[in-house]
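Take a look at the structures below.
First subunit A sits with subunit B, and in the next complex the same chain sits with subunit C.
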Partner chain A sequence: MSDAQINISTNVLDENLGLISAAGYINNEGGQAVADAAEELVGKGCSSLLIDLEGTRIINSIGVSILLEIMEKLMDNDGVLAFCNLTPTIAKTFEIMGLDQYARVFPDREVAVNAFASDATS
Partner chain B sequence: MEVVLHLTVVPNVELVAAKAVETLGDALGMDRNGVEAATVALVEACLNAMEHGGGQVVVRMAKEESEPPRLRIEVEDEGQGFDPEAQSNDASTRVHGCVSKRGWGLTLIRELMDDVQISSEPGKTLVRMWKGLGGSS
Partner chain C sequence: MPLPEFLELTYQVLKGQTSATLAEELLRETVETTGSRAGALRQASGETFRWPRTLSEQVEEATEGWSEFTFGSGDDHWRLRLLQVDHFDETTLTLMRMALKAWQVNSELKRARFDERFHLWELEAIRSIATSIGGLDDPTELAEELIAHVVALLGVRSAQLYLDDDDAPVGRFGEPVLNPDEVRAARREGIYRDDVIALPLVAETDVLGVVVVAHKEARAGTEPFASQDMRLLELFALQVTVALEYARLSRESLERDRLQRELEVAAAIQGHLLPQSAPRLEGVRIEARSTPSRHVGGDTYDLLVHESDLVVAVTDVSGKGVGAGLIASGVQAGVRLLVPEDYRLEDLAARLNSFLCGATEDNRFATFAMVRITPEGELFAVNAGHCPILIARQKGGVERVDSSGLPLGILPIGGYQTAHLTLEIGDLVVLYTDGFTEAEDSDEQEFGVERVCDVIDGAAGGAAGATAALFSAVEEFTQGRPLHDDATLVVVEWVGR
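Up next is the complex of A and B:
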């Protein structure tokens, strides 16, 4: 849980939804790695992003601030930022910092993907 | 059992403290959520101390035989000090469209821990915080 390295992988789930899997410490460097991945996916045409934090146990406020900036950029283009697989402490940190007011939070990836698919067909 | 760390300010040194609280919390039988909350709070306290302090940061952590028993964590620096009451806790003023998103450290510490005491004066700032071993966050 105290590993300074962060492992990032990305995937385009459909033309609108990009997936970022992030495992490790989300500090300024980890947050920036997520932001770079987000920019890459937006460049590929993803208007909304799902960030899967399974494997992430520790964050800091600087890292969350970078996530807030990602969210604001998406919202400016009518996109949505979503998270899944949050630990209770990370979920509470997002709540304290107001991130959950604007981002969607799902218990796991399957529920999140199904929710986006349902939104697309409704 | 008390753990004392003298942290030199280098990148990611806060993770040394994080690992220590994780290890101690597990040894004391603290629940996982409590350990993770204490870890994030400690990381924030260390970052504040390194950003605003000067020189080494001293971290002490120990079980406190209160009823119920708690984990006590102290983070001390030798910086210029600050006013701990001068920070806004209003998330709505900080999120969307706000230029600066920094300055959340003390808010997170207060929210994630059960009890927090801060004393600050020029040359010494001490953040003391407690988390029940059973956890409540």
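Up next is the complex of A and C:
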């Protein structure tokens, strides 16, 4: 495996939705990189965030706790956290750790973006 | 007393919010409500919030005028310091005390819930490994699956799985931390350090490999492995040991099945190459049997008629199984090709020898015996390293045609001689392989050529009688134990034309 390092990229999809693409190991360093990216997007006015985990195969407990903190902060401000492109193992992990109770999970980015767009117009 | 913001924060805490910023905001409200210049809020764990944020520990220590308030005890102990308090407000402090207590309780509840879910995650990972890797028979996939779970659950920065005696890991995450000598040492007794654990995968009879984890993560940096980490890794190691054993047994079972099918096919092919019935030829009666000790034997025989002559060839290739069977079939094919060319027998054997040399592995060779019987009862025989060809005379006594050269396939230059005898009516010509002569009794004594001679010398009933007598004698000698080697017998009775 060569995915011990994490690669992060961000993008503002619309005024409310920010996208974080995270590929690699989500541990304390990877998780913090995602948290920093989330803070940057929230600072740009994004109330909801979509984290695309395509290319991420492993997430550890510290990574999960950091994602939970990101979710709590967003919820404090009536925002929404969403994930897409989860491996079956990570999807199961999110289910067990309760992340999917408050965060939305989509199969891929296109479905997620369409769902947010649909919510905005309804 | 204007306290709406403070009450709102307290309400948020009571609702269950436990973020660190909330504790900081509580401090800020306290500082502002009491008209203090600064504040510091310190938990029993040592975590400290300061307001304003520019207040450093050094400035805090160097400044005078702090008022100190303490709440709770033990893990629930808080120390609040306010700088130059303008007005002391008991209500504010009571609200602060309530909010901090709620914050503490909610944080512990949240931590307990997280720990509970994490244990479920551990159990799920163990179950997942058992089910998902149970279906994998590729060690590399198995290793990747295991490493992914180990890295996630133990929260390590480096993990490797080494199998067998390989110095290179079959599965890895992060940079390996052990050198080859350390991996070898871990196979014997494991490695247990604060920063590295290496557990041998111990199966019933062997050590299958080593699983290594290193650098356990904490929220900030790394921390030493704890006893529960060891327990979890032991569970993983047990799972992967079982999975590896399962995968190995599955592979061996599949390989056995494949070989079994190949042997059955090869045995069927070899069976079809043997004469399905003896040729009808005036002047001779023929009996022939071949019993391989495995599915595919190294023995073969052939019965041909060429220009009214009967040709009998018997071949015994060293070893058993498919390889020996292929060589025996090759010799048989060579005989069928060369017999029509009217070679003298010694030349035919030499050509077969030349063909076989270089076409087989170094340790493979074939003993070969062949006779040609003319319509007039003239017998020509050649023997290349084979058991003596026996001619049991009707009038009594057994003559032998011994080997006149090396078995086929040993040296490229092989010289042979053709023996010539004249048959009398009732004489038996017997060709056989060492499956008979090397049959052993309970004392590991071999049946030997002399016993073969004794049996056929006095046998009644011509070719059929001699054949039955020889099989019966060998079975009685071995007391029914299976033969170690293939056994082939051809008996030709000369009845005259």
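What we mean here is this: the second predicted complex is superposed on the first by the 120 of 122 C-alpha atoms of A that agree within 3 Å, B and C clash if a C-alpha of one lies under 4 Å from a C-alpha of the other, contacts with A are read in each partner's own complex, and residues count from 1 in each chain.
The definition used in the following text is that a contact is a pair of C-beta atoms (placed from the backbone, for glycine too) under 8 Å apart; a residue touches a chain by one contact, two chains touch by 3 or more.
The shown structure was predicted, so the numbers you read here are calculated from the model rather than taken from an experiment.
Touch criterion met: A:Ser65 reaches subunit B and subunit C at once. Of the two partner chains, both subunit B and subunit C are touched by A:Thr93. When both complexes are overlaid on chain A, the residue A:Lys73 reaches subunit C alone and has no touch with subunit B.
Once the two complexes are overlaid on the shared chain, A:Asn7 sits clear of subunit B and of subunit C alike. After overlaying the two complexes on the shared chain, residue contacts for A:Tyr102 are found with subunit B alone; subunit C is out of touch.
Once both structures are placed on chain A, subunit A residues 1, 3-4, 25, 27, 57-62, 65, 68-69, 72, 89, 92-93, 96-98 are touched by subunit B and, in the other complex, by subunit C.
Against subunit C, in their complex, subunit A makes its touches with residues 1, 3-4, 25, 27-28, 57-62, 65, 68-69, 72-73, 76, 89, 92-93, 96-98. Those residues of subunit B that touch subunit A in the complex are listed here as 12, 14-16, 18-19, 22, 33, 36-37, 39-40, 43-44, 47, 91-92, 94-97, 101-102, 104-105, 107-108, 111-112, 137.
Listed in rising order, the residues of subunit A touching subunit B in the complex are 1-4, 25, 27, 57-62, 64-65, 68-69, 72, 75, 87-89, 92-93, 96-99, 101-102.
Against subunit A, the residues of subunit C that register as touching in their complex are 17, 19, 113-114, 117-118, 120-121, 124, 128, 144, 147-149, 151-158, 171-175, 217-221.
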